[in-house]
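Presented below are the structures under discussion, each in the form of structure tokens.
What follows is chain A paired twice: with chain B in the first complex and chain C in the second.
Our next item is the complex of A and B:
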């Protein structure tokens, strides 16, 4: 008799708990931010009695497969934190639920429109932005002084930075800068320079105008004269960071979140570092990588899952997370205006955050969503590399990409 | 069939059962399912949808895709994979040489045997990281090349960033990593050759080279077949070293057929199309396998 009661009791609790368990997944935040997420989970469970919240953290390159497998198996997590291109790719596959149908308009209005735009595909919102991080410019003061440049008066434009980079290489032999143009990042360079990617209807790629060609040509010539390390074409920011940490790079475009890491990696370079906001070019935008929570197809209770995503990204939680990281920014209208982001100490790490805050209102996730992404991105990457390494002219490279894109868009 | 034979068979299969079960789940089933996928459209979320030969038409530029032509990324990748077969003769010659060197009864020779085998058991993630550093602009490889006068010392360039040389630079790593594996196989082959044959040849007045050419090499023929078959198949299927070292760049110069399969499946979620490309690669591997059999006369050591 007792046994039967126990069995029924166990079954009941199991049934209840499985019906009341929600799960959310983050990208590469454990164990660094365990001290943020564990109390967050506890807060949610206190506010929602009887509901258990499970937190899972996955590495960035495994997350999409896990989500797809979860959908196929019928047990996807309720909310998943992904970056802009990952969300748009999954949305194109029909793997995510549009959130407009699940949340009221007032909830969506809490977020900055520009942040929300990065997760909107064909008029539907597929992700609630959670945090953003933008870039700053860091200068190695020692190298600048050797090149006869004044660290306290840094250039305010990208052409100005390129000019300094030339001077540094000419005077000291050390590379001046390492542009972030690997892979498809030149698409971001175009946008920052105010050059369009698509026509107004977003139907045709248009990035082979004389102005686009001139911008690419500028980098082709810089590479030809060895004004930037060829390694950045292959390894992007990683190569730039390695050189800067080793004291072999004068200027680096970097996220403020790397400053505490630099402090540990090479304290001498960190001490010599001077920071400035990223220049705002004619495009009036600067790349800001943004993460958001999406709701996969096939969740048990879509409304409930969407509400979880909204709760995870509400004003208080975004503000608390950005205060914890010290280097990222909230994406809700209210939290982004918190005075915390305009005040701070005088250490390089604090100054880096303040420099980033100055340009945050220009921050956009400049990822360009395209169908057939693997083929289109490959055509872009191959041709840009062919131009940079002198295998074809800048014009021929851009013409070929645009032709291929327009045939496959 | 008599009862005794039946009993022997039952016992034999009984012993093989655990391994066969594993093989069935992790090898035979994936092969069958993959073959089936090649004729479907599948993105994991929705069940596979039968599309007949459409994936192959897209690869070869036939039928509905006649206007667009063959998938240029795939064929370009396959060309690079076939180029990669260049690794096969080089690695065979080097590992036979190495096996003969470490086949001598010298003190501490097992130390050398182990040393040459270490790269084989090292994961590609580590090997890729290490060789990335070796090939660095101011790294050890360029140091040697500039000292030898093969590269301009004022402006050394990373071999992996050179569209003309990157594929060969990656091939070198494949050879470096695979050498020990084939060395061990050849070592076993060498030790299975009857010593008395070599001694008889020496007594008959044969020189070192004649012994090698007429006794050792024919004796190794079965091993050569196995080794070149294995290395041809892995050359056609080359992926890991590309993935960790160049991601197919620069300017697509190290893009291989398997990299295409990876990109289709895991970047574009086109598992059906990726499976079709995989089948074509398997067919190409088979053709090269047949060529191997022909060249080594079926591996008979007579």
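Our next item is the complex of A and C:
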């Protein structure tokens, strides 16, 4: 009863009058989560008589265009769910409203600081975190056994995983692993390995030290000897998942939310899968993809839109959503401490969630916010690819990126 | 400098003078007869296999051209030569004269003998011999297409002094040198430039994205931005009359949104019974288990064959799982992706085969590590596979793997630096049939080849060089300028003008030894590589003395003036050429970062808004995305970063009025306008203002 009272109280602060419509957009959650969002919309409309709440779901690659087109046409959606890269890029383009001025400090304090930081650029908050998902390691037990490896004793370090990947390829002929290093993901690899991106003053990029070069060179050598498929440089996780699902990849770095999908896509592979927490390297961090709701520039009533974003991401809704997915985590302080996330059964899906929960305290969205992100990220991607595909040395590639970044920071 | 309205009035005098040096007197103007002078391209492209060039010239006076044979390719060659001369000199080639340019093939015994005497006899399809001498010039093809290709080389030998003396023996490394274009509502305006350009670059085939063509058999999915069928017919003809073969691309199975467009709603909610994933918010693939799919698709394929009369149709089949679930329905999941893919491909293949036409597909699903074992063995070996990888690489082993499985394969590249070159070299190494330069500019994005994504069209040049002659040295660095010249051919007749010395107005020096000049990052990141004084950059002359850099959002640009007014003393000009840039990269394309305002003697004004990426760009972003401005200088910083400056021509809206002053204004964004050179022209090299 108290919970219901609080929920309605929060809704009432939206101060909506009748005959209004609000719209929020999510990223690739339909149709899987229709059973969560449709009741959510109904709950909102019941509490705000006469107000229609429209839910739109779009593929990740279409959502930025939708926002920009909406701004240009004068009718952007009120709240849009995006990842941190997208939010930072749109914020730099002036397409999003800073939320600090639209919400009180107490509301912002509801969120975990590390999650909120991923959407903060130059001191302004551009997104209210909704849910986070950290990575785990999944192993195809059948392939491991063929390679003479013990699925019950998986490696606890990234170098250990690489060593297993080599063994799998050498002994079975199938790829051992598919590292997630496409686009700008190597920036995350640096951070997980404890290697800095910037100097202490955050004025200069420094990721061309001998240690950085050595890390990149390791992957250059792996690619050169065909220890991972070239397709992952082109299609990233999609290629990795496709191979794993087909039973042609020994190890995959994966979000636990993909386990229920794997169960449907290839039940035999799912049954053969064993999971483990993602290794925590010297950086004491692990990538946690975080989505947040942002408010586009040009909404009719910015405060009301910000309040909608806050409602969508409040304790109750975040907790309910993560319980529904079973594999993601809330980002509000209160909901994240719910005992649900430390308990579960023995299915692969439950074990995947528990494996992720074990490293969630190390979870950070490791996206690197920089000015002119589009240009800087392209320089990073092009040079890393040139190194991986043998067009230039690892050192030359990193030197080139650092020079370009430092000229433009 | 004159006070502008935004200048603070209460600055201490010393600070004011430091920040705003006064120079109310008009700037110094230097009249020159050749403020603008077009020139021949720096090197032949594609680079010939064998060529000897000299510094002597065959003048145009008394020079006529004739075809030595009945083949249409020879007439097309004369047409293209004449157009080149017309664009450069304002007149065409003569039909009678004292000396001749002769275009023919080895079938002409006299030309064959002349080629043999010079040791230039062509011996490969599309090969040619070419010579330019005091007595005349000739192009002799191994076949008629060879003569046409040779004429494209001769066009590039045209200089302000006439045709440059040369002897060339040349042939292509690949029989398939394909480039991709699109059909949409802007097709005519864009493809009428691009198709002749591709011919000039000696491409042999053109892959024509045809998804949204308004076929007679596809009325139910007509999109208003699609090209009419008549335009598809016209472009197919245009391609053939430029010595190339059209190959239509119809994206089927995947990327099939075009089949779901609903003209009644204006959304992609049509043909729902065909959707592979009925629950998807945006349809992407069709369900091969639905028989009606083929009632819709096969007539369209037949019509495309009727229009293009191609030897092959490319049916896509890539990135099948990139969006939505595939397979999604339980019955499709029971069949599985590999069999669905194979069955659909065979259905289309057999239909095309019945029409006497071959099938092309992309490689990435059929030859994916996950599916290759199941799909590839089930496909007919005469399906041609286009392998794509858009990163430059030392090698592309899948080319060999696909060929090893018995399929013909083409290597496909995009515009990343080095990608076409490395793909062509690998294709040659692995015995591929040819190469394809793709373009992914959006289904209705033709207009962006003029402004927005021109870098993808610039890559046609790199690719053309690599596809014709993969072993040749790297392409010249003026490709973006050459692309612009396809839109605005630089005349060889000089244009007089006046060079403006910006010295008194300079706010930052180009060299930055002590982190107080340029962008205050020191000598490793300055513009000291730019030549100074009176210099020729591209076709323009400028008097370069330093930079009039304006205020911007970055701390290092905070103390600069928001606006500067340059007194020009009542000079008249038809056009103004600005050598300009921004100190930092803009965060948003087309953001308004400032303006130029002309104030005329009668007090009236004209303003040009400066949009980032359209009118100017950062000196550290040398990649060109538009033809509105012209790349005129490329260099490197001391620590090796690529740098570049561009020139923008503004046709004076009131050329009859004396210009009193020019005011430069900054919007204060990160990308701060920075003027490095200004030249006033008596005639515009641009013609009419650039379309949008």
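As a convention for this text, the second predicted complex is superposed on the first by the 388 of 409 C-alpha atoms of A that agree within 3 Å, B and C clash if a C-alpha of one lies under 4 Å from a C-alpha of the other, contacts with A are read in each partner's own complex, and residues count from 1 in each chain.
Following the convention adopted for this analysis, contacts are C-beta pairs under 8 Å (C-beta built on N, C-alpha and C of every residue); 3 or more make two chains touch, one makes a residue touch a chain.
Bear in mind that the values here come from a model prediction, so they are computed numbers and not experimental data.
Asker: Quick check on the superposition: with chain A as the shared anchor, is it clash or fit for chain B versus chain C?
Answerer: On the shared chain A, the partners clash.
Asker: Kindly classify A:343 by the partners it touches after superposition: chain B alone (first), chain C alone (second), both, or neither?
Answerer: neither
Asker: Look at A:94 in the shared chain and tell me whether it touches chain B only, chain C only, both, or neither; answer first, second, both or neither.
Answerer: In the superposed model, A:94 contacts both chain B and chain C.
Asker: Contacts for A:234 in the overlay, against chain B (first) and chain C (second): which applies, first, second, both or neither?
Answerer: both
Asker: Does the superposition put A:375 against chain B (first), chain C (second), both, or neither?
Answerer: After superposing on A, A:375 lies in contact with both chain B and chain C.
Asker: Counting only touches as set out at the top, which of chain B and chain C does A:386 meet: first, second, both, neither?
Answerer: both
Asker: Comparing chain B against chain C, which has contacts with more of the residues in chain A?
Answerer: With both complexes superposed on chain A, more residues of chain A are touched by C.
Asker: Under the stated touch criterion, which partner chain does A:297 make contact with: chain B (first), chain C (second), both, or neither?
Answerer: A:297 sits against chain B, while chain C stays out of touch.
Asker: Looking at A:69, would you say it contacts chain B, chain C, both, or neither? Reply first, second, both or neither.
Answerer: Touch status of A:69: first partner only.
Asker: Determine, for the stretches 452-460, 542-550, 560-568 or 650-658 of chain C, which one clashes with chain B when the structures are superposed.
Answerer: Only one listed stretch clashes with chain B, namely 452-460.
Asker: Following superposition on chain A, which residues of chain A contact chain B and also contact chain C?
Answerer: In the superposed arrangement, which is not itself an observed complex, chain A uses residues 93-94, 226, 229-231, 233-235, 372, 375, 382, 385-386, 389, 391, 407 for both chain B and chain C.
Asker: Residues of chain C touching chain A in their complex?
Answerer: Answer in residue numbers: 279-282, 321-324, 364, 368-371, 389-395, 397-398, 416-418, 422, 521, 525, 584-588, 591, 618, 620-621, 637, 639-641, 670.
Asker: If we count contacts the way the header does, which residues on chain B are in touch with chain A in the complex?
Answerer: Chain B reaches chain A through residues 43-46, 68, 73, 132, 136-137, 155, 157-158, 160-163, 246-252, 255, 263-264, 266-269.
Asker: Quick check: in the complex, which residue numbers of chain A touch chain B?
Answerer: 65, 68-69, 71-72, 89, 93-95, 226, 229-231, 233-235, 297, 372-375, 378, 381-383, 385-386, 389, 391, 407
Asker: State the interface residues of chain A toward chain C in the complex, per the touch definition above.
Answerer: Listed in rising order, the residues are 30-31, 56-59, 61-62, 92-94, 175, 226, 229-231, 233-235, 238-239, 242-243, 245-246, 248, 371-372, 375, 382, 385-386, 389-391, 400, 403-404, 406-408.
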